[in-house]
């Protein structure tokens, strides 16, 4: 399971070296406070091929799998969770097109997917951070010459930088008949598309979340992805990938917090000895290490199964909940171990704690994940 | 059976304070958080209205009121979720050192200003190398004639930017026994050799001005000592019961305040989003949190009574400090989860509190220190 | 400040009881656990000495004592870790139904025996198909002249083997509203149509005789009804506060008793195995558990006072029931861990208690039911 | 990771069928109460080759790995944790001889290892259930013609049925010089060996634990395993296998408790509907499922790494703590979901709960495991 191939080890090392070279603590503190997307680092990550490694090479991806993508996410977020997550989340959103789009759509829209020019926004939800999929408030009326879209979508990840949105809407026939939920491609420069900041979040502050407003937006009929009425189903099935990515980001976040805690307890002295010598410190570190390892096992397992097309449907929910909970708890304990310093921005773990909490909420809190798991585990009653 | 017996006077005091906080404080919190400081006139306003140092005797400008008035102040500040407003640190933690241990002369000089809000106080114990471990304080105090020369640095000092007067713990370098080496001194801001560092950037509590303090050959009159020379450790120990109890009162009231907010928000949406408000899991979460708050409240109220009756409840206040502050932290996390889409937005009060109160299990002795003291009391 | 004000009389009562339990009960527990029953003479001994049904009025053979005496009995039984000895079920849960709702005639007939221990009582609510959900009780009670005919079966009936008299909840099949269909009846053991099933094999509580009861055309006098016809639900509700409070008292005292035992055991080995007793992790575990017990104790004591003052503390007793019984379970688990090599041996008292108290979060309304009630009280 | 080979799937299915055919609930309740070893089932499991599958074929083993052994443990314990654990623990104890014994020793003692005739007892500890390794109280004086052993060992797993013990003792030269801890083979029928029941445990009641007392027991010098002075080191390194086995047993225990809980909530009605429909029930089931999956991931990962000789030293401790804690918590919640029935022996989960707690304590509680994990994670200070 941990056995990495040579090329996986190379990818991992390259990501580690990149993060060491490009991420800067003071800059990170500033971007966090200013809620800025780390555009320059993003550009250089794109250039070096770290983003979109799971996409096929014909779409400028790396032709590898979610597992390799998870390895990169882990390394980048371990070094800096805020920068790492902003980077990794910037190229997500195109999954529905890749999986369910026609050949023509892919040829038209996907080249350049991972080269930074064209960023996708998955506009599936109408609530907020919890990302509950919904097509209730966005209506696409189907006319002879195209769809006419009106309505709002919320909390699109990196929606402000995207040039193409995949919008979950409810299609109505010209006569008002409901033709079910559909996924429709909308270009950002299209007239009638308004993009607003969704508001500042308590964590993941370098990732922008956007609300979209569509007012009489007209797109050709050929922008429909896959079959009519299948939109919700498609959108749901793409969430596995997002959940696994979030799990990988959270894994790196947890590991990064643990790294910092271990470094601190090994150098800090109290009552005449290093605090790493106190049993209670050691028990805490052990607990944290177990949680990080749980996150790793679930994340790797989910990503690998996904790549083999053998993903047990409950596993991506489990990975998401285990990994993000681990991140919250490990970062919390890291703050406590660092004491007063843990509460100071300079020592970073407070940012890991906030980011972890945001990751925990993104796409739905534990309660939401657990209801989905229960559905799979309990089955028909 | 109400455990705390509030009189009509207490209730009037509470109502006046509540109104003042709603008008003079609550609307400005965002602004002050941005400016990283609470303007001094706010302190003075509080002082003028009698909401600072209520326990100080009329002789020194105070009102000589009981501890329940302090409890009311903490509760009401928690009610507006403004944990950066460290008036209890001033009124109920630092000023009592002066009140209990300073000479009549020093008291005459400083207490009236403390009461009026013209003098804001801080206490400087923690050092970069001495957090929980007070015995390793390195700041030195050397007698030279009728002066004391202070050298050293302090960190994480709350009210560190605003403060006009600081109680400084420093060691006599000639005394080897750490427990009889520490003395406490009153040091005025602005005197030569005393420099305030820049404000420390924190996760939350943004308008709580926390800073480093530096003493470089800082000379103060020898008579600025509090109590006996070398008595610092004992004085600190003696005041810890009240300090921790105050943290516990703050802890339980912040937990309660977060829970009340979330419950109200939730219930207000029952009509709108039935599926959420009808969630049995959410209802159970509220049931569990309400239970915890009730337990903590009963425990803390009982301790307040015992503290006021001058009982020794050192162990119990350690229990209360760690349990209530951990609880506040946990409840903030759970409430964020329950608030869902709104929970993680900066505009959500719970999200702000989540960042503010993370310091509670750390300050005034980490919760691990509390557990160590409790364990000792069990005979280990 | 002691919350519970025990008088000299209370203390004498406690000391007499403690001695009796130590001599007449504690040495025989293993034996009775093997025999799966507490011999009836033990009940009679308890009755003779005045340790049963203390609240019953002298008119009916009782002592008319306050609820603190009941608390003392629960505490002292917990002190010897003998949770199978369900005298509180008899004294403070079942007999109060008779005391409050039975006719003078029935009271004259049965209460003196309840007090003396000649009559052991049980209450039969739970059925195979109706656990937490009382509204779905299926046992029927049909009036025929001046008789009532009972049909149905009950399960998990504590004191089910020993009992001489049972309070049975049954429904009027003609009444559709489940809340006004239930009545309570007094049924004597041994009458035709009433059969006790065999004792149920449980994880622990081995000498607590839990059994099924079967009613097949079982005829009882119509006057054996308690209170109003159809008033069963209300009566059950009204008595639940005391029932749950008793569970909470039992919960907190079992937690305390386990913790005390483990702490003593641990400290006794400080000399022998320093590495264990000096373990900081173990010390913190004790600090945490002591804190929890103190919190629970304060909360429960306060509720006892309020209950005695006839306050409505339904929600709070639900809080106390779930929190203390979960705590007792958790503390038993942690103490087993701390006891290490000894902890998992049957010969270790904590291991026995671990099995006994696992039922606490289940009986008298599962802790999930408690949370549901608390949530309702919050406005859901 | 879950991908099983065809032969692994066959093994798994065979174990499942065996447990269904041979394990009986009423018998199990009785053996539990009487603290009886399930000898007949054991004999038939041996005969069918379920035990010792990880040993080489020349020692009558199955020539497979710890992973296959874990699969069997999981299946058997899922059906009945008490019987399953009694069976699985009966053939452990020979690891030290397999790994560190000489060719001659192996040829002499190992054939028949897994055929039920010869059962090994690893007599490494002098305390109790926590299994702290110690050679303090058992002394072997080295004479010209052999070792003379005196002292006590405690809590030998299935020690009463064993015919051969591997004893950790401290060797003294004839002149009293300490020659360090050693492992020495002692045959049970040897004069001077006394075997006593170590006392009844609260769980794992079908597994016997024995105390051994050696009084002037004489064994040939050739019974020394490996090198002198290395005994403690050898013993320690064998504990990985035991911890992984316990993790696998606990995994099955957790899964078995979950199975029973799911069955119950799907059939039990309260308040007019199946309790599986209540959200709180569903959340609990999801929590339990996540814990079972954690136990599975850690156990499989540890077993597979072990088989590949790539075991990260902290992982067996983690697997043990995660898996046994999962078993305790899942069984506890199962009892709660079953309500009054959960407390009744007939519904079995109470036995799973007791067994889980005993597994949690066997070889040391969480605190003990965590101190070992901390050692590996924190490293030198």
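Letters A, B, C and D name the chains as they come in the text, with residue numbers starting at 1 for each one.
Convention: a contact is a pair of C-beta atoms (placed from the backbone, for glycine too) under 8 Å apart; a residue touches a chain by one contact, two chains touch by 3 or more.
These numbers come from a predicted model, not from an experiment.
Chemist: Comparing the two chain pairs, does A-C have more C-beta contacts than A-B, or is it the other way round?
Modeler: A-B
Chemist: Farthest from chain C by Cα centre, which chain is it? Let me know.
Modeler: A
Chemist: Can you give the whole-Å distance between the Cα centres of chain A and chain D?
Modeler: Comparing mean C-alpha positions, chain D is 41 Å from chain A.
Chemist: Just give me the whole-number Å value for how far the CA centre of chain B lies from that of chain D.
Modeler: The separation of the two C-alpha centroids amounts to 52 Å.
Chemist: Give the residues of chain A touching no fewer than two other chains, as numbers and ranges.
Modeler: 279-280, 283, 367, 370-371
Chemist: Of all the residues in chain B, which ones touch at least 2 other chains?
Modeler: 279-281, 284, 368
Chemist: Which of the residues in chain B come into contact with chain C in the complex?
Modeler: 1, 3, 263, 267, 277-278, 280, 283-284, 286-288, 290-292, 294-296, 298-299, 302, 305-306, 309, 311, 316, 319, 322-323, 368, 370-372, 374-375, 378-380
Chemist: Which bits of chain D are touching chain A when the two form their complex?
Modeler: So the residues of chain D in touch with chain A come to 1-3, 262, 265-266, 274, 276-277, 279, 282-283, 285-287, 289-290, 293-294, 297-298, 301, 304-305, 308, 310, 312, 314-315, 318, 321-322, 367, 369-371, 373-375, 377-378, 381.
Chemist: Okay, in this complex, where on chain D does chain B touch?
Modeler: Result: residues 278-280, 283 of chain D touch chain B.
Chemist: Of all residues in chain A, which touch chain B in the complex?
Modeler: Counting only chain A, the residues touching chain B are 29, 127-130, 155, 199-203, 269-272, 280, 328, 332, 335-336, 339-340, 342-346, 350, 353-354, 357-358, 360-361, 364-367, 370-371.
Chemist: Could you list, by residue number, the parts of chain C that touch chain D in their complex?
Modeler: 126, 129, 131-133, 135-136, 155-156, 200-203, 279, 281-282, 329, 333, 336-338, 340-348, 351, 354-355, 358-359, 361-363, 366-368, 371
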